[in-house]
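Heads up, the next two complexes both have chain A, just with different partners, chain B and then chain C.
What follows is the complex of A and B.
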């Protein structure tokens, strides 16, 4: 697979179809994966592809406005590119998307704690990865290996349902405890391809929408606001939770909103580049029971 | 071992007993492992929770001295007059146990900034004065540790009141300060000369076991304008993980909130780090911000205080969402 990838990237750079390709490479420690910015044919040799290529690289695309960029993308990354296209953050003609057929990536945090069960070590997001194939890539590099199958009875919202079943006071207590650890490093925001506001609500000072301090008010407001801004936009790449250094289960909050959006509007983000963004359109059938 | 140090050897049981008895007078803070989250410094009420094993806390001990958000003072109206109200400083005594040697060195470096002649930060100094630091030497530094390249060691006792080193099933306690002497003096037995010798050679061996070594140049003057910074900062996502988790980063931002003045951590990676009220930002691109981080640590601070502002703990590498590696960046800096 990786040889095919390298050949494709060399070809793209040689033909000047793109100025830069963003992919993955091995770090100097020989284990970790780091983003790779390939600008010449020679550097294509650095590219790698395996289950450790976790990062969603589509967030880097906004750094190169007006340039023709190639990007190595998995299924989840493709969905985020779709949303960025829907929201006019990217120009399709400036992109060359190299889709890597993905059978799931590793969850390094779990790898550390559950060394026995290889299956568990795949990121949770991969288990419920929508099987519907997106056809927006310019080229697809196929994986000849055996596909991992999602069990038919797999319920991606199971943890959410469990949480919903709890009393509101219990839920509040759980999240207050989780958010009490938040150090406000904003890694969740910075790593998120959808968080591209030039000035984040958390940075505004006039007015300041919530406390900048690591207190309950500030932490709760920040985390809830972040999640709400992703309603109908989060494509479940799980990067926020992966990047969080203190281990807050951020994906669960996004997942809850994803579930609500699906139940209320039958909408799933990132599945069609032609569709209008959920909150950019209006339908008479939209639920309105909240208007009293 | 420094002059006037005392070496004791004891069992985990006896050490635990002493710590339990100290719970009456001190808050004991130490590393606790939280499943699927990592290791964190927590207030310990049950000594069973104390994590004696390998691994490093996610957050450094810094936060107990330089709070992520500190209320400095409060403004109020009194008889039509504005008045400033000081907030009371906490006075409870604390023992932080399980501090890694690199983090204690980090505090010694912060002392140079917050306890510098006339510039005394009363919040920081109050926290320093009310805290006893008991270190835990590192048996297994991980692949991101590079303390020996920046003047530290897995056995360093600098900045600590006492240092515990696990040896087999026992612990050797190096008692460094008078206040630690008051606590640990009665513990276990003294080491005999033979044991002291053995322990010394074991220390040396462990220091040598750190594979990740980098070269740190005297200054980086020549490469300020280098294209190198553009190249190495490309993958930076501009979050605050590296600075907030760094045991020595101490930049802060002052914020007014509800008539209180709040001092919060700030980080040079953030886009608005040096954003001025006029809208100008002298470090608008991440190249400039990342360069600032490297220069502050390995150039500016050294010019002011003759030391690097980095203790080689590896946190910024371990927790960077895209695994940027400051050690490698410094090591490979194209000096001319």
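What follows is the complex of A and C.
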């Protein structure tokens, strides 16, 4: 699989179809993975592909306006590319998408505590990965390995439903405790391919939307605002939660909005590059039972 | 914190210029009585409303936030309220999920001729927020949590 990838990248660079390919390479520790920017045929040798290729690389694409870029993408990365195309952040003709057939990636955090277990600890996000395949890639590199199956009764929204069933005071307590750990490093924002505003509201000073300090007011405002800005755009690549140094379950908020948006507007993010973004359109029959 | 005697809720109401603001004006000129707990902020359209406005109000200690605009299909800009409806349907559920009392954030459609509806909306809102009690999400002095 990886040889196919290398050959494809060499071919693309040789034919000058792209100026650069963004993929994955092994870090110096021999285990972790870091992004790899291949600009010449020789460097294509560095490329790797395995279950450790967790990161969503689509966030790098916007850093090269006007350049022809190749990108190695798995299912979740494809969905984020779709959203970026939908929002006119990328030009399709400037992209060459190499889709890697993905059977799930590992959960870095759990792996650290579970080195004995030989079985791969798949990331939580992979368990609910939509089976509907996107067909936007320019080429697909197939995996000969056996397909990992998602159990039929798997409910990706189960943790959300559990949380919703709790009393409101309990929910407040839970989230206040979680958010109280937030150190406002904005790693969740930096890693998110959808957070591309040149100036983030969190950094605005006139007006200052919320406190910049790590107090409850600022932390709650920041986390709610971040989630709200991802409504109908988050494609659940789980990068925010992975990057969070204090382990706030950010996916639980993102998933909640994803669930609501699906229930209220039958909208799913990242499925069609032609569809209008959720908040850029409306339906006359949108629910308004909450309005007096 | 002991509840202050004679506590009166502070409610921030964002009214669209074309319908609800005129409706509230009509309630006033018609000498209708309603509780004086709302602080009205005029916005060009309910579609102008940013979820950040609501979040900031609640974090800065407002006991309630109301957004009011033209009825569906009556928007001065044709479709501003459609966008607002979508946006705030999501925000309302999100706030509830993070443990913020859903009574604290409400929406209504009030037209320019509905002075009586405006008075009714405010009366009901004030009653609901009084039953919810003061907003203690953030203690203004210490910025600490008060659950």
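The criterion applied here is as follows: the second predicted complex is superposed on the first by the 284 of 292 C-alpha atoms of A that agree within 3 Å, B and C clash if a C-alpha of one lies under 4 Å from a C-alpha of the other, contacts with A are read in each partner's own complex, and residues count from 1 in each chain.
Everything below uses one rule, namely that a residue touches a chain if its C-beta (ideal position, glycine included) is under 8 Å from a C-beta of that chain, and two chains touch if they have at least 3 such contacts.
None of these values were measured; they are calculated from a predicted model.
Trainee: Look at where chain B and chain C land on chain A after superposing the complexes, then choose clash or fit.
Mentor: These partners fit in the superposed model.
Trainee: Touch check for A:231: first (chain B), second (chain C), both, or neither?
Mentor: The second partner, chain C, only.
Trainee: For the superposed arrangement, I'd like the angle with vertex at the C-alpha centre of chain A and ends at chain B and chain C, nearest 10 degrees.
Mentor: 90
Trainee: Mind working out whether A:211 is in touch with chain B, chain C, both or neither, as first, second, both or neither?
Mentor: So A:211 meets both chain B and chain C here.
Trainee: Now for A:185: first (chain B), second (chain C), both, or neither, which partner does it touch?
Mentor: Touch partner of A:185: chain B, not chain C.
Trainee: Could you say whether A:174 touches chain B, chain C, both of them, or neither, answering first, second, both or neither?
Mentor: second
Trainee: Quick check for you: in the superposed arrangement, does A:272 touch first (chain B), second (chain C), both or neither?
Mentor: neither
Trainee: Taking the superposed arrangement, what is the smallest distance in Å from a C-alpha atom of chain B to one of chain C?
Mentor: Chain B and chain C, overlaid via chain A, are at closest 9 Å apart by C-alpha.
Trainee: Once the complexes are superposed, what residues of chain A are shared between the chain B interface and the chain C interface?
Mentor: 211, 213, 215
Trainee: Can you check the complex and tell me which residues of chain B touch chain A?
Mentor: Touch list, chain B to chain A: 34-38, 40, 58-59, 68-69, 143-144, 234-235, 237-241, 244-245, 253, 255, 257, 262, 264-265, 267, 270, 272, 319, 321-325, 328.
Trainee: Note which residues of chain A are touching chain C in the complex, please.
Mentor: Against chain C, chain A makes touches at 163-164, 168-176, 180, 201, 209-211, 213, 215-217, 220-221, 223-225, 227-228, 231-232, 253, 256-257, 260-261, 264-265, 278-279, 282, 284, 286-288, 290-292.
Trainee: State the interface residues of chain A toward chain B in the complex, per the touch definition above.
Mentor: 27-29, 31-35, 37, 55, 59-60, 109-110, 113, 181, 183-187, 189-191, 203, 205, 208, 211-215, 218, 239, 242-243, 245-247
Trainee: How about chain C: which of its residues touch chain A in the complex?
Mentor: Touching chain A from chain C are residues 51-52, 55-56, 59-60, 72-73, 79, 82-83, 85-87, 89-101, 106-109, 121, 124, 137-138, 143-145, 147.
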